[in-house]
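Labels A, B, C and D are assigned to the chains in the order they are written; within every chain, residues are numbered from 1.
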Amino acid sequence: MILAASEILSPLRDGWFLQHAWLTPVIPTVGFVLIVLFGKRMPKKGSEIGVLSLLASLVLASGAAWQWIQRVGDAGEEQFVSPVVRTWTWWQSGGVEFTIGQHVDGLTVVVLFVVAFISTLVQVYSLEYLRGDRRYTHFFAALTLFSAGMLAMVVAEDMILFLLGWEIMGLCSFMLIGHWWEDGANSRAALKAFFTVRTGDVGLLVGISVLFFAANEWTTTHLGLSGFSIRGVSAWALSGEPNSTVILVAAIALFVAAIGKSGQFPLHTWLPDAMAGPTPVSSLLHSSTMVVAGVFLVARLYPVFFTGLDILGPSSNVIMVIAAITIVIAAALAFVQSDIKRVLAYSTVSQLGYMMLGLGAGAWLPAVFHIFTHAFFKACLFLCAGSVSHSASHHSFDMKEDMGGLRKHMPVTFAAWTVSTLALCGVFPFSGFFSKDEIIDNVGGNGYTFFMVVGLGGAFLTAAYMTRATYLTFFGAARGAAAGVHEVHDAHAGAHDVHDTHAGAHEADDAHAGPHESGILITAPIAILAVLAIFSGLFNATPFGESWEYMKKWVEPRAVVVASESHSGGPGEAFVVSVPSAESGHSESPCGKETPPEGVCYAPQVSHATFKWSKALISLAVVFAGIVLSWVLSAALYGRRDPRLVGLTQRNGLARAGYRLLANKYYLDDLYERGVVGSITGPLARGAYWFNQRILDGILHGVAGISRAVAQVVYRDIDQRLVDGAVNASADVTKAAGTTVQPIQSGRVGHYGALLFATAAVAALVFVILNT
Amino acid sequence: MSFLVSSAAVWTAPSVDYHALAPEIVLAVGLSIVLLVDLFTSERNKWLLSVLTGFSLLGAVLPVLTLALHDDSTRSLFDGRYVVDEFSLVMKGLFLLAGYVIVLLSSSHVEEGDYWRGEYWFLLLTSLLGMVMMSSARDLVSVFVALEFLSIPAYMLAAWRKRDLKSNEAGVKYFLLGVFASAVMLYGMSLLYGVANSTLLIDIAESISLDGEFGAIQALAIVFVVVGFAFKVSAVPFHTWAPDTYEGAPTPVTAFLSVASKAAGFIALVVMVLTAFPEGRDVWQPFVWILSALTMTIGNVFALRQTNLVRMIAYSSVSQGGFVLMPLAVAGGVAGEAALRAVVVYLIAYAATNLGMFGVILSVSRKTRSGDIASLGGLFTYAPALGVLLTIFLASLAGIPPLGGWIGKFAAFQALLTDATPWAYVLAVIGAVNSVIAFGYYGNVMREVWMRPVPHGDTTPITTPSSLQIALGITVIATLVLGILPGVVLHFGDMADLVGAFGG
Amino acid sequence: MQMIRDNNWVLSVGTFLPIVGVLLLLVTPKANDAAIKAVALLTSIATVLVGVFTLVNFDFDQAGSMQFVAQTNWIPVIKSTYFIGVDGISLPLYLLSMVVTLLVVIYSLDHVPSPGNPKAFFVLMLLLQTGMAGTFIAQDLILFFVFFELVLLPMYFMIGVWGGEQRQYASLKFFLYTMFGSALMLVAFLALFFKTGAESFAIPYLVENGAGIAKNAQVWIFAGMFIGFAVKVPMFPFHTWLPDAHTQAPTQGSVILAAILLKLGTYGFVRIAIPTLPDAAIEWAPWIGGLAVIGIIYGAFGCLAQTDMKRLIAFSSVAHMGFVMLGISTLTSFGVNAAVFGMVAHGLITGMLFFIAGSVKERYHTLEIAKLGGMLTQAPRLGWILGLCSMASLGLPGLAGFWGEFPAILSAYNPADGLNVTVFRSYMVVAAIGTVFAAAYLLWLYQRTAFGTPKGHDHHDLHDVNTHEWIAWLPLLIAIVTFGVAPNLLFSIIDPAVQGTLSAFGG
Amino acid sequence: MLTSQFLLLGAILFCIGVYGVIARKNAVLVLMSIELILNSVNINLLAFALRNGSADGHTFALYIIAVAAAEVGVGLAMVLLIYRNRRSIGLDELSELRG
């Protein structure tokens, strides 16, 4: 039912920070310019500019978040909390006006805060981590611009600005991943990353175009917005106007972009290679920025996907399928990695899978919440890995070769790592539990049981491989560099940070002081993140009841019909005219997929599964099972293997006698190797890995190779031979013609005369005949 | 034989408009003076002759101007057999000025060789006189006489270097074929006379209709007459003499033939088809169409494979002739006046450009003593001025704006599209394509001048005699002005309406 | 369209000032190197100043109408007049031609390619300038044609005399191609003239009366113009002169060629072919669009196959002009805006890329991509500039290239009424895929040249970007970024003009 | 009237002349053949003049005779020239210039 406009509710408060949220991307951009111009001459080589600019945006973001919370607080329980929108005309062409501006709502402030926060920490961390690097300044410039890009994308009011931020991130990832480009592998990885993402961007371009032309007319007439504006498109998507195929095409196209950016199957292959970049970059890329952009795109334009892909519909949709595949494949891949960063990379892919799964299953809030928590603990994990390689393993990331037993040497790192791991595994009461379990729960709650099972399986695998990684890194005997052994690992140069000057700088102290805890600039960010990894879950602790569901209160847009004439006062001040119950199921609300009688929906009606401890305990049990099993196996497999005996059994025959005795434990090993572990990891993981390297990568490289081959053919045969050949041929023909008619010019008077008269006679004959 | 008596009885001496004849008279006086002076001057003073020739030509220009400025610009003498109209005045001016430039071109050449100077100047003047007459001739007899008047001296000029076998050969070929062609033409003329019972072109125009019992004979006559002039303008396949003669004849003579006598041929052709055969267009339009297409194409194709500079120019001038024929192919229709204008404009532009080019060639060959295109190699490096000039002239011939040549081509295309018949469009496209092919060899020469090394590194600069410098100056200025302010020349072309044509 | 005739001397001065410079150069002694360079430099600076004056006095509120219009008799007999003026479409290109020439002159001060002879070199350059500027302001077909052709010879000699090994072949090819095109174009112009009643060659007049021509005739006339302009653009089947010309031309030649000359063709489409012959344009648009997208993909393949840096850039021009032509072929003001913007952007970016290629050649004495590498270590600034330009060229948002590319793709989604939507949407997808290829070949180029470690051979003469280069490049770089960030600077000028041009298609 | 016979005679002479020009290799003979053509023209002219009873034909014929004389003069001079230079008047030797 629609209420009379007389019952206007009090206008919502919006403070300075909300009004000026657009500054958050602007400041780092300015910072970037400053670094590029003056960085080299600054005392700290421009790093300070980067840190300060991001600190500033962090302040702004926090302020915005705080004021948003107040704004929501002011709003009535079921009032539509309109986003704080400000737009400026950027350019107009052919009657189309392109605006640029900010669109601040719950989602924006959350991600804004996360990005600013993590970027700041990462910059601080990099101060130490990259000290003495050859391109210290360039690094900070790129890092700052990178954050700016992400922030711009987050506050974007329309798709053009969104695209801008999106592409800038792509560019910076290219620069950052290829930071140590002297090494061919790194530059190749950078190229691969950019190219893969760019492939996805075709989807974004097409999607934006389709949306624009499909929606523009409706949005201009109903809301006075262009077809680029995000809320315009959202409203249009929910208005029941759109022709189902058009919006389906748009949704698919945009999702392709998301796949490329968020490393979803099958475009995930660039992510592990991207580990070639410096660790801070990896942590920034994989926690809060780059890869999250894809998820953010889906969350931001949720109504489009909601309608286009018929989310919450009876059948499972493409998002969920892709997400499910990604979760399993990536998790399995994590098992066969010996490079700690690659383990984390694959875990990121699978966690992104969770987010996508949540979005695909209509669990919008949990997905967004998972973005939130995941950012903290994943960033923490990466930074720990960096810390390890920085101070303990002599810039190696090889768990099997260069780590082990580091818990004694680096307590802080170890503690942080453990906490974050537990969070990632989703152990109660760490943050991961609240978000991940919520996703699984809701997926089930919305009736997609199969995907819920997949989610649980994913949780199990996650727990397992993280435990393995933990054991290899911090427990057991120290190996390789961790044990003070120094050889330059050119063998896995691709995976290592071989930044010579840097390495040179640390050669000295590494030499005498073996593994040790990293400096404060590294440990402090880690510690902070660890703390958040523990507690950030409480922002939406469903288990503790409604009162704890802050996120739901602050972030989730309320699915209510807004009077359509509201755009007169700018879409900001909307009247709430209808109060549907948002409790069980989605179909009661007019903001489902069916047209609201009149008025506009800005967000679809989604459901929330009610939390039950029983369900939670199941998933917890799965997780613990994973941890324990993996622990036992790892300990036996990597821990108790004794190198001397292995050597001996091959060495002399006498020892071979006592071999059987000693062998037993190795029977165990073999059993584990071939049996249990093998059965879990071996076929599945290796198969998946093989599939990954051969098929997917193969396809990627194949495509590259083919197109290059085609190019060769097109160029050499078609262009040079055919097209060009034709031209040159015509010239030759003309010349040849000269030679053929040459006999005319025999030089003999007789011939000339004959020719003369013959022509005259023939002509005369012809014309005489013609004229009589 | 009664009619002789009767006609004799009525015969009265015609009143002669001497003002109208002034140019011819001046020339006649001039050439007799040259002849006499030549007889009575010693070798040292022969230089007088060139000066005299030049003066008599310029002197002849004066009456042309007075006639042009005089109000009643159309004067008809000998009851219409000899007409001085604007068209003829424009052409006379062209011939005389071109002649003057040729004098400038030849003087140094003639002074240096041990030749028969007196004859040279005398013959030159005579031939020019013939041309001047040709542009006024409106009667079979006067046309014929003018034609022979300009041709016979030209034959002798071609063979003028008596000792030189090539020169002889050039002369003989030119002579025999020329005479043969004019004989064929005469046969056609005799038939025309028979049909029309008059030698006045106007009368012929009335009697030619291509139907009735004499239709066939008329067609035959038209074809033969056109052939006669097509030979003069060296239209394919009547061009065969041109390359040989041009190559063999002394370079100044070649310049003279390729510009002046060609132009005269075109004038005659225009006069004939427009005044005598307006109703015969069904015969001569297609005939000229074919000739034009052939001439452009064959001329280009031949020129592409020449290594001798003069011979290349010979073929290029053949194909240029094809472009002049283009508008004539539609001159019988609505595009008549446009076509006439196009011919005049084209001839003026072509004369300026081609003479200029010969000027450059003459001055370069004074150093290289070779006719090979390759001998121009690296000209730009040691004689930049000449290099640039040559480039300008070549570009103008290629029809590249803003140089004289393009306005000619433009007018020609314009005439074709005014006619706006399918055949016209086809011819236009053929012309367009040919203008591209043409650049193949013009560009080749440019390439020699600019991009090739100097043959055996001889980079001694070239000294250009003052007369040549003046000639080059005149021609290059003309070329540029025609290109940048074509209004001027187009104005001439516009006022050059041909009395007798278009019912004028 | 109403005309604004205030200080109508500006354009003539701006256009013919270089000719004055030429005359001065002709009288300067060949030996006196410094004087020659000074004259050339001062002339081009003066020209740019006049250009600035034009810009300042340009009435931006009426960007849609012709300004600084001057019209006097020229060839009364054929009803052709000296009729010039600029509107929002012409102005950016007109100024671009001036600026680029100045920058090229600056660059040439210490980069006169062998075999030297700066006098002739600068004379040709200034002649080129007049031709290019004139083409953009001519409002009379004959005048347009004259300027259009005036460009040919100087470029022919620039390539042929100062070019690489294959220069003679390349230059002749360039010339014959273009001449072939323009010969047919002239015929088409005349046909248009007569079909519109043989009244006038003035473009505005023809725009008014062209629509009246029978459709069949229009299609044929358009065909003539199409060939003339398509060769210049160059569009797909007529493009083969471009790689040779670019590869062989001296740096300055390539820059001018890429930055301005190619624009003559597209400008011709926008200014003449489409407005005067609307029905034919509708008929031809699908084919143009098709050739355009073929060009996009085809050019990309051409790039992927290259082993020579300069040739690669040349082929990339084919692809980029494909985007421009796609925008034009939609016949929507949105698309044409994108196209005009694309012309300017491509001029800046590709011109810049050729500058870089020239400097690379000068330093490494080769452009074999395989022999390059590690530029970032040896000449970091050069390397970063190359990076920026590659990014701009592959259409990265925030840089100029994007605004020519993305709107062009966008516009293909719904072309003007009367065009087949399905066809153009498929074009759109192909073009979008083309952007990926663009990313591929440019980044691949960048990775192989700038990244990695320097290849063996010694580069004792290897220095980073020097002063002349900075002066010559900075304006372009700044422009690339500025227009990328604030595209409205251009669009606000272009848009009204394009609206007027396309009035026949309902905007 | 006899006109047609005259014309026929003229035509025959013309053909003979043409044949001579084309077939003969001897410069003098070629000259003579050309004279034949000219005379055929004269015959035509006179025949027509008779039929039409106008004097133009006669005048024309007289002009032609005069010009023909001049031509022959020039022609023979050239033949002599060649003969002096190369001791032969065979036209086929005159083919240095070709192509």
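As a convention for this text, a residue touches a chain if its C-beta (ideal position, glycine included) is under 8 Å from a C-beta of that chain, and two chains touch if they have at least 3 such contacts.
All values derive from a computational prediction rather than experimental measurement.
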Chain centroid nearest the full-protein CA centroid: C
Rounded Å distance between chain C and chain D, as computed from the means of their C-alpha atoms: 65
Geometric centre distance via CA averages, chain D-chain B, whole Å: 25
Computed distance of Cα centres, chain C from chain A, in Å: 39
Chain centre separation in whole Å, for chain D relative to chain A (CA means): 99
Interface hub residues of chain A, defined as touching at least two other chains: 731, 742, 745, 747, 749, 753, 757
Sequence positions of chain C contacting 2 or more other chains: 176
Junction residues of chain B, two or more chains touched: 172-173, 176, 180, 184, 243-244, 440
Which pairs of chains touch, using the document's own definition: A-B, A-C, A-D, B-C, B-D
In the complex, chain D residues that touch chain A: 18, 21-25, 30, 91-92, 94-99
Chain A partner contacts - residues on chain B that touch it in the complex: 172-173, 176-177, 180-181, 184, 210-211, 215-216, 218-220, 222-224, 227, 231, 237-238, 240-241, 243-244, 282-283, 286-287, 298, 300-302, 304-305, 437, 440
For the chain B and chain C complex, residues of the former touching the latter: 341, 380-381, 384, 391, 395, 398, 400-402, 406, 410-411, 413-414, 417-418, 420, 425, 428-429, 432-433, 435-436, 439-440, 443, 446-447, 450-451, 485-487, 490-491, 493-494
For the chain A and chain C complex, residues of the former touching the latter: 89-96, 160, 163-164, 167-168, 171, 174, 178, 181-182, 184, 187-188, 190-191, 194-195, 198-199, 201-202, 205-206, 208-210, 212-213, 704, 707-708, 710-712, 714-716, 719, 723-724, 727, 731
Complex contact set, residues of chain B against chain D: 3-4, 7, 140-141, 144-145, 148, 152, 155-156, 159, 162-163, 165-166, 168-173, 175-176, 179-180, 183-184, 186-187, 189-191, 193-194, 197-199, 243-245, 247-248, 306, 311
